[in-house]
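One structure, as structure tokens, below. Some questions next.
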Amino acid sequence: MGYEVLGVPSSKIVSRSISRNVVSEGSRKYVPRRTLMYVPGHDLKKLRKIPILGVDCAVLECEDGVALNKKSEARENIRMVLDELKEVKGVDIAVRVNSVGSQLLEEDLRVILTAENRPSTVLLPKTDTVKDIVQFTDCLRSILKDSALPSYCPRLITYVESAEGLINMKDILRRAETFSHEGIYHLDGVVFGADDFYADIGAVKTLDAAELTYVRQKIVTVAKAFRIQAIDMVFTDYKDSVGLQLQSEQGARNGYTGKQIIHPNQIPIVCKAFTPSAERVEWATQLIAAFEKHQESGEGAFTFQGHMVDMPLLLQAKNVIQTIKNVHKA
Amino acid sequence: MGYEVLGVPSSKIVSRSISRNVVSEGSRKYVPRRTLMYVPGHDLKKLRKIPILGVDCAVLECEDGVALNKKSEARENIRMVLDELKEVKGVDIAVRVNSVGSQLLEEDLRVILTAENRPSTVLLPKTDTVKDIVQFTDCLRSILKDSALPSYCPRLITYVESAEGLINMKDILRRAETFSHEGIYHLDGVVFGADDFYADIGAVKTLDAAELTYVRQKIVTVAKAFRIQAIDMVFTDYKDSVGLQLQSEQGARNGYTGKQIIHPNQIPIVCKAFTPSAERVEWATQLIAAFEKHQESGEGAFTFQGHMVDMPLLLQAKNVIQTIKNVHKA
Amino acid sequence: MGYEVLGVPSSKIVSRSISRNVVSEGSRKYVPRRTLMYVPGHDLKKLRKIPILGVDCAVLECEDGVALNKKSEARENIRMVLDELKEVKGVDIAVRVNSVGSQLLEEDLRVILTAENRPSTVLLPKTDTVKDIVQFTDCLRSILKDSALPSYCPRLITYVESAEGLINMKDILRRAETFSHEGIYHLDGVVFGADDFYADIGAVKTLDAAELTYVRQKIVTVAKAFRIQAIDMVFTDYKDSVGLQLQSEQGARNGYTGKQIIHPNQIPIVCKAFTPSAERVEWATQLIAAFEKHQESGEGAFTFQGHMVDMPLLLQAKNVIQTIKNVHKA
């Protein structure tokens, strides 16, 4: 380990990515979502158990996990439980609304956002086109205007669940990023909705998901180009813990930051796979220490272990530390 | 199994994809092409055997399978055989013309389209650029105008055979879709021309084609984003039936709907791999039954097995049934 | 083997790709880069050993291999050694400058281009955006103008080292190709900077690099769409010669034309993997012979082994021969 501070005016050393709004990302606290679990909105008992689940992100579910005749009940439950739970330490309280195409989205938002304790994250499924993200944003903006809640700015996570959504992913995220800079929400991640994706392209699922290598790796790569989280596919056979572990580790190697979960049994295995290794934590700790020392000394470019370090890498180090902190708290 | 009909005005439940011209696709009968076999245009004997082959799609070949000095003979044979064969039950009679760059395309179309029984499908190889699809369309339009055949609207299948064709694929299909909406042809599928692709990028073929995972899976994904068929690579070693079976099953898992064939021996193996499984047929049958019952009852969103069903999924179910019907007829 | 010359006016047989500036590429001699090795600019002893290394491309390194406090020394060494070495037969003498974002690029170019024997190839790392390639080009143009060196037109190789660089790759190369046509430089290849890429997306490296299949295969495909070289990832464990061999062969099967090297021990293994096979050389030899015979006879389309041959394939054949020639000389 070693770092160097050199006599180059710091104003001249502009890391290639600082100018790309990563600094503003840095000003928001990183929210780890190694485990993202759906809790059906119509099931009040399960909703109330969220604080003891031990997940990073609990999703109060309005969409596919809720039958059409229970949508209304689910909304009311979610509004109530949001206020009951208030903040749960170390848990991101999220709501998955229905898609733009469902015609249920507006009512979802209208009911849920009347909670005093509004969700910190909104999940938007089936984001297939730029039009979808525009319509969602217009809808959210209009409701916030009506209800005079100007200070609310949730984190937003979109879903890739179809071939169309994949080929439009870059354009969709670019638009969402623009809205994000306007302060309507904070674009924070993308979820790979694999089951709908399989159905959409008529692919057949196998244990190692080799048939979706292209899709799965493209999603994580595009997400990372926007410096947002990427949350991996559901492993549906909740009794197969070995299969779950292998798929979780594969996702983590691909660069995913977390994974969707459909059963509490899956939490410890998935959590472990997406927890940074001891070496990674050591690296992050040293990098941050070196950076702080360098900041004190004032001038010069920042290098670590012989390499010039750019801001994205520093943020990654901070995210690693933020993630590891969630371990001890859960 | 179960479906629900709820009191939501159906006008409000607009599936996310209905607006994307899938309905018009639905109005055309689905043509299964599990097996797509080339028959060289200069070989009259082979052309006449098409009715007994048992392929879903018989390609009367003008391009790479025909030497330059036999192009003219091939065109004449094809024109003649088209009229001899007329319709062959359960077989899509297609013609592969020469590419736009060959300077042979116009003559191909000019001769072949004088047949009384014109081919139901035209295959356009080496579609590398948007310019290629525009020039093809202009050529077809001009010939149809000259020959006063206004009612002819073939299905069109394009080829991805080069890196350039792949990076332009989305733009090419988008343009072809626009022409399709204008009624010049009906864009129906894409073929992966793997041998030319290998040569184009200097890749080396292995048995599991791992070196083209990205290309092969991208092609099927982009095709499905346009809701058209994707037809997989040729398996060149026609004596290796085990290898053929594995590659066919791999293609089917990837979401391909069929495969190119170069020898009659390959037909049964490939046909089987791309025939929907019993479970899939059962799913499709029940979904369609549920939808018809729901249509009778009139109002409400359509859900099946607890999920809201959108139009693309219903069309997939119909395609499954249409495909399975071809089994019993062949 | 066999080829045919037919009575079609050659003016009518325009290969699909000739119009895409491949001819101008053909007029430049192909420079094989099976092995591309970095030599740190601050290490004068190593720089002077370049002629005995036996690499196809020797990279005089200013960037990550040189600590910040040695950048100035590295530049001066490189300028000096360029003039000492002059031309080394069969070796492409390249310089890797610092990235646009580093603020060191201008000084790199300003010092190094004062050498009388300027580098034949410039390598530009961390080309993440179109803006990066524009700024680099502006910088190069401005320095050449100042220094009155109008006749210098280096080959240019860019790097994909981040998710952002990957999703912008097509646009970046398109812009670089435009500059290339203006004669500022000759766009010649792309390098996959895997280590930075792993760090950028938070992926974890395994021996077979399965976690970057999408990235690695996309890079070679896009590069080939622009008809430029693709140079594969570094194999970091320089003691594992079996692992190196497997990864080199894998890269060659993917279509890569060469590989980065960090230790002289790696040269023979990598060189062998990227040297065309005897069958490939035989194919190229026959194809070129057939083409030359066809050129003599004058008229007609050019076909080989029953297929019409387009210009890219002929260039590939020539590149094969050019590459094999480097074997005997090294």
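So that you can tell them apart, the chains are marked A, B and C in the order they are listed, and the count of residues begins at 1 in each.
Here is the rule we use: a residue touches a chain if its C-beta (ideal position, glycine included) is under 8 Å from a C-beta of that chain, and two chains touch if they have at least 3 such contacts.
Please read all numbers here as calculations on a predicted model, not as lab measurements.
Fewest steps needed to get from subunit B to subunit C, stepping only to touching chains, is 1.
Counting the residue numbers used at the interface between subunit A and subunit C, under half appear in both copies, so the two copies meet with largely different residues. Look at where the CA atoms of subunit A average out and do the same for subunit C: the two points lie 38 Å apart.
Residues of subunit C in contact with two or more other chains: 213-214. Residues 64, 67-69, 99-103, 126, 128, 132, 162-164, 166-167, 199-204, 206, 210-215 of subunit C are the ones that touch subunit A when the two sit in their complex.
The part of subunit C that touches subunit B in the complex is made up of residues 4, 6, 8, 12-17, 20, 170, 213-214, 217-218, 220-222, 224-225, 250, 252-255, 257, 301, 303, 306-308, 310, 312-313, 316.
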